[in-house]
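Letters A, B, C, D and E mark the chains as written, and numbering starts fresh at 1 in each.
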Amino acid sequence: MIEVDIQHRLGDFALDASFSTPVGVTALFGRSGSGKTSIINAIAGLLRPDRGRVSVNGAVFFDTDKGIWLPPHKRRVGYVFQDARLFPHLSVHQNLRYGGQHDEARIICLLGLQGLLERQPNRLSGGERQRVALGRALMCDPQLLLLDEPLAALDGPRKAEILPYLEALRDTAEIPIIYVSHAIAEVARLGTSLAVIRNGRVARVGPLEEVMADPASLALLGRADAGAVLTAVVQRHDSDDALTEVACAGGTVLLQGKIGQVGARLRLRVPAQDIILSTQAPAGLSALNALPVEILGITEGDGPALAVSLKAGDERLLAQISTRSARAMNLSVGSQVYAIFKVTAATPDFGQGES
Amino acid sequence: DDILVFAAASLKGPLDQIAAEAGDVVVSYGGSGTLARQISLGAPADVVILASTDWMDILETGGHVLPESRADILGNHLVVLAAKPEPLDLTVDAVLTRLDGGRLAMGFVASVPAGIYGKAALTHLGLWDRLSPHVAEVDNVRAAVALVARKEAPLAIGYASDAALVDGVFAVARFPADSHEPIRYPAAAVTAEGLAFLDRLHSPQAQEIFAAAGFQKVAPE
Amino acid sequence: MTGGLGPAEWAAIWLSLRVALVAVIFTLPLAIWAAHVLARKVFVGKQLFNVLIHLPLVLPPVVTGYLLLVIFGTQGAVGGWLSTTLGLTLAFRWTGAALAAGVMAFPLMVRAMRLGFEAVDSGLEDAAATLGASRWRVFRTVTLPLVWPGILAGAVLGFAKALGEFGATITFVAAIPGQTQTIPSAIYGLLQVPGQERGVVSLVVVAIVLSMGALLVSEWLARRAVQRVNR
Amino acid sequence: MIEVDIQHRLGDFALDASFSTPVGVTALFGRSGSGKTSIINAIAGLLRPDRGRVSVNGAVFFDTDKGIWLPPHKRRVGYVFQDARLFPHLSVHQNLRYGGQHDEARIICLLGLQGLLERQPNRLSGGERQRVALGRALMCDPQLLLLDEPLAALDGPRKAEILPYLEALRDTAEIPIIYVSHAIAEVARLGTSLAVIRNGRVARVGPLEEVMADPASLALLGRADAGAVLTAVVQRHDSDDALTEVACAGGTVLLQGKIGQVGARLRLRVPAQDIILSTQAPAGLSALNALPVEILGITEGDGPALAVSLKAGDERLLAQISTRSARAMNLSVGSQVYAIFKVTAATPDFGQGES
Amino acid sequence: MTGGLGPAEWAAIWLSLRVALVAVIFTLPLAIWAAHVLARKVFVGKQLFNVLIHLPLVLPPVVTGYLLLVIFGTQGAVGGWLSTTLGLTLAFRWTGAALAAGVMAFPLMVRAMRLGFEAVDSGLEDAAATLGASRWRVFRTVTLPLVWPGILAGAVLGFAKALGEFGATITFVAAIPGQTQTIPSAIYGLLQVPGQERGVVSLVVVAIVLSMGALLVSEWLARRAVQRVNR
């Protein structure tokens, strides 16, 4: 449980951010200069806000009313900075071990740092630097992770390797994570809560599924980023075709590849713009997923498109369709239709270079 | 323990020789003013030898030396030094001609003993007012001699002992003895341990060594 | 003493080395502290502190020597106290020469180090703090190594200055052969005697060689550091 | 025309890159540490390779055989570094003007820098810094632009604003651009050539359309990044529904929103994983685009999926489908099928936060 | 001369200021050049050059003064040439005092500036070059401003040293009231005379005030620079 309520002035810029999110990954999403870094700096203790309060899992880091101020080194946060901030006088290995040696072997292997350990940071490429910074933060066994665009400099395959590790951290160690990213796919995959930052203020905050399935998010996140997130349980693997059958609230969905163990829970992002609505059950299509859904609402979306909120079992989907289609198909609230999407569109293994 | 002697820097050379012959004696050289102040601030010297009676008076008045031990051990002559052994008349015109727009090098006329004597002598001869604009003061008499040796200054005022010791520097005029206070090197014991070495300084052998270096013997009182 | 290096000169050389080393070693922590304070802290009287540190540079060395004598002499306030409580006498001892050299070298050391502190990217210190390092550990493991070139530069300047210091030293501790006569005092002494030019030249060469050694060591250490940090 | 042929050793890393690309945007694509930055450093003159040759539009920058070495400041390259490298002692405005004042007003406006001009760089957010660096490089009126992940720190809407400007630079000023990016969408939109870098070598280089439509690219670029690029000409706008009708070689495609002027040429990326194949003409689907295509080849793709190469008019499409679908639909080379994709999937206006 | 400041002392004060300012202003470009060369270039004889620069620090000032006399005196190789071709005489002139002060201050200035050059991120210079700036423009507009704190520190150190320099000055140009008698010479003279302590104190206070002024100005300039560059 992270509670943040801070006010601070930085030149012309006024930060007035207040949110509280349960344990899990809180994604901070917002435009360049909206105040994301400032907020996590305040949580880490690198920025001392003019007034307010910050507490993490019950521990009060900062409270102007009570005069509490915990210095940064007592907060046990692992912070990956937007600029890597490696210690130039230490080797990669020494950098990694600076804060501790927690889970060392695994982290080094995961981040592909084996060959770099004896290097000095100035001999690293941009992405290598960022990986070392991430490893360094993880190895200090933090009670809270602050990640400021940690994967922006990384290529798709590398991202795809690192994300499951962050998921595992979130799920097993129960370390709260605050995650700044411009990549909605990362956000959707990792986030449990989503806070949309605008001009130093929190424009919207809530459970990620809720915020993302909300038709209003089409305007808030932009057309390409909106899309609901479903929870699914792995049912079985089709070894022949390397497909994975998972059960969502709304029905069965097939994913490409062999994903997870039977019984494992997955999160599937279904981008609003990737859903095709059909009045009839599909036939002869290579897209294998067609969930029967009920239209809950049709609202104005981003620009000329319409946002269609769908009920799939007890979960929500969000589709974005053109006004012309809606007219042609004669869609209205209460209609029973099919939401068709390709297996690949729903895979959680999105990491292969999507950003 | 070694006997520690604080001595005016211009005595270095002959005094080193005497100290070496005595054994167990170390000499620390410095400017007379500095030495006197150090003694008055508790320097662990056994013997002090200065180039200035004024400073010794101050030490004596302040009770920093054994009063009965004070005695002048040496004298010197004040001379004009030049790089060429051409005799010089001590007249304004002659001096200015020799200077030829150059400088007359002297120790600080207010503080360095050779400078004090020099100013007094020039004043006595009626030369000071005309010559003082041409004077270049330095912090010790050796520096003035060095300027002449380097031919940066045509003339300097210094001691006969300097002319005797420094190659290429000649005494071209000697100031009359009555033109300045007699040049004396007063010595005194600071501690009783110093008395023996003080005696040695008055010994004929020591006086010979000094004389060979161009100093003047003083009659024992 | 016939031109080369006699026992008195050798004594002066060893003494100079000892004095300069002791001066630098003892002054170093203080100089680092002062440089850090000047670079990072804001406090009333900071400018006064700054001026105080620079004083030995601005005053004629003889004046500094006198002040040392007045303060640290056996009759002086601090000197008397040191001598009665700790049994430590400075005036006219080699320890005093080291003190004089240290005092004269201090402003040079502080200035170089202060620049180093000012150049350290505070973002790296922030990063270290978030990794759980206490202020002291951050200082020791991040700030200090990054200031290392400045510290080296300061130490070398200080060492060179300590080797060359004359005015304050001779005023504070005189030039007692074997005890307080350093290379510069010995040179001064030799300069007083005509015909000792060879001795002067020998001692000058020794001084140059010593400082060259210090320079080379520091350059080597700095190059190692730069190789690592080099961006 | 950029010709690069260089060999250089950096510690353990051996760079041996050789490619030549026509005027336009050459995208360098490759994993972290593959040597992309080193290559553009060599072009800019910041790295002097052990041996080789670099020439741009006929001007020889570097040639070990002829002993030619043009110093960086004579090369007139605009370089946006991976780390912004703003001059800390100059204000944003002074930084911008350092290399020149070319097109100043427009660039400042485009990059949203108006409010930041009097700021010092240390008071900027990460994204703001990168925008200033981009502006600075553009304002020196370069003859060649080197962009090292210039948009990675930027949010979607900001990217969407900046990309058309880069496109215009490419199309009107005919400045060659070398563009390093991990975002395939950016690459596809801007790039005319694509060079895939692996381990310091050029694994594949060619016209972007060709490389991306090649079934082999599925393995080279990864599942999520592969997908053909089509060229289209705007036919008309449907003002009512805000749809744009464009003509591709394979037929008519509808894009969402009002895009371009009638007659304008557009580039459409159709991700391989977004194409649905159908044996029948679709009916009752909200996806409006269905191009009749002929199957040119079916090959192994990335992992268990199949890469299907399609002929649409005289252009190529690339689809990725599951083995099961292929079997169920009885697909084989020469089959006539329909390639179905949503309007939104083909829009060039991908910028809204897709990465 | 009865304890306060007489005309000779005032003349010494003005002269000292002039000497120190001229010394710093003329030495500055040379020091910047030397610092840049030492920080950035690799050449044979670099260590020798380095030692040469540090020499005035290591040698007793009197020796430096004497060497100046030998080289720059009217009879000296360089001095004679300067005097016959340029009509510039240094010996016994305030210009000579400035030369002595400059030479003594030089190592301090170079050291501080060199640190500055070493701390400059070469990535920024690269960036400037890609923006079309020639080497000279890069140096002027990027390197130099970033080295600014080091240059200021060097200039202040040099100014302070120039104010305090005594041994080399007196040996090279003597102390001619109004022409070459600087504050330290005046103080030294007064110190040697019993009972002139008040005059000494007055001059010491003046020296402190002058250096304080220089320090304050430099701190102010540096603060302005740091406010901009501050990270």
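Please note the rule applied: contacts are C-beta pairs under 8 Å (C-beta built on N, C-alpha and C of every residue); 3 or more make two chains touch, one makes a residue touch a chain.
Predicted model, so just to flag it, every value in this text is computed and none were measured.
Chemist: To reach chain E from chain A by way of touching chains, what is the minimum number of steps?
Modeler: 2
Chemist: Comparing centres built from CA atoms, which chain ends up most distant from chain C?
Modeler: D
Chemist: Most remote chain relative to chain E, going by C-alpha centroids?
Modeler: A
Chemist: I'd like the Å distance between the centres of chain A and chain D, where a centre is the mean of that chain's Cα atoms.
Modeler: Chain A and chain D have C-alpha centres separated by 25 Å.
Chemist: Counting only Cα atoms for the centres, state how far chain A is from chain B in Å.
Modeler: Chain centroid spacing, chain A to chain B, equals 91 Å.
Chemist: On a C-alpha centroid basis, what's the spacing between chain C and chain E, in Å?
Modeler: The answer is 20 Å.
Chemist: Indicate the whole-number Å distance between the mean C-alpha point of chain A and the mean C-alpha point of chain C.
Modeler: Distance between chain centres, rounded to whole Å: 57 Å.
Chemist: Check each residue of chain A and list the ones that touch at least two other chains.
Modeler: Residues 83 of chain A touch two or more partner chains.
Chemist: What are the residue numbers in chain C that touch two or more other chains?
Modeler: Expected reply: 62, 66, 123, 188, 191, 231.
Chemist: Provide the list of chain B residues touching at least two other chains, using ranges where the numbers run on.
Modeler: Residue numbers touching two or more other chains: 34, 37, 146.
Chemist: State which pairs of chains touch, listing all of them.
Modeler: A-C, A-D, B-C, B-E, C-E, D-E
Chemist: Mind listing the chain E positions that touch chain D in their complex?
Modeler: Going by the criterion above, the answer is residues 123-124, 126-135, 137-138, 141-142, 145-146, 148, 225, 228-231.
Chemist: In the complex formed with chain C, which residues of chain B make contact?
Modeler: Its residues touching chain C are 4, 6, 9-10, 12-13, 16, 26-30, 34-35, 37-38, 41-44, 140, 142, 146, 165-167.
Chemist: Can you check the complex and tell me which residues of chain A touch chain C?
Modeler: 44-46, 71-73, 75-79, 81, 83, 85, 87-89, 98-100, 120, 122, 136-137, 140, 146
Chemist: Using the touch rule from the top, collect the residues of chain B that touch chain E in their complex.
Modeler: Residues in contact with chain E: 31-34, 36-37, 54-55, 58, 103, 105, 108, 110-112, 135-139, 143, 146-147, 150-152.
Chemist: Spell out the part of chain C that touches chain E in their complex, as residue ranges.
Modeler: Result: residues 47, 50-51, 54-55, 57-63, 66, 107-108, 111-112, 114-116, 118-119, 121-123, 149-150, 153, 156-157, 160-161, 163-164, 166-167, 183-184, 187-188, 191, 200, 204, 207-208, 210-212, 215-216, 219, 226, 231 of chain C touch chain E.
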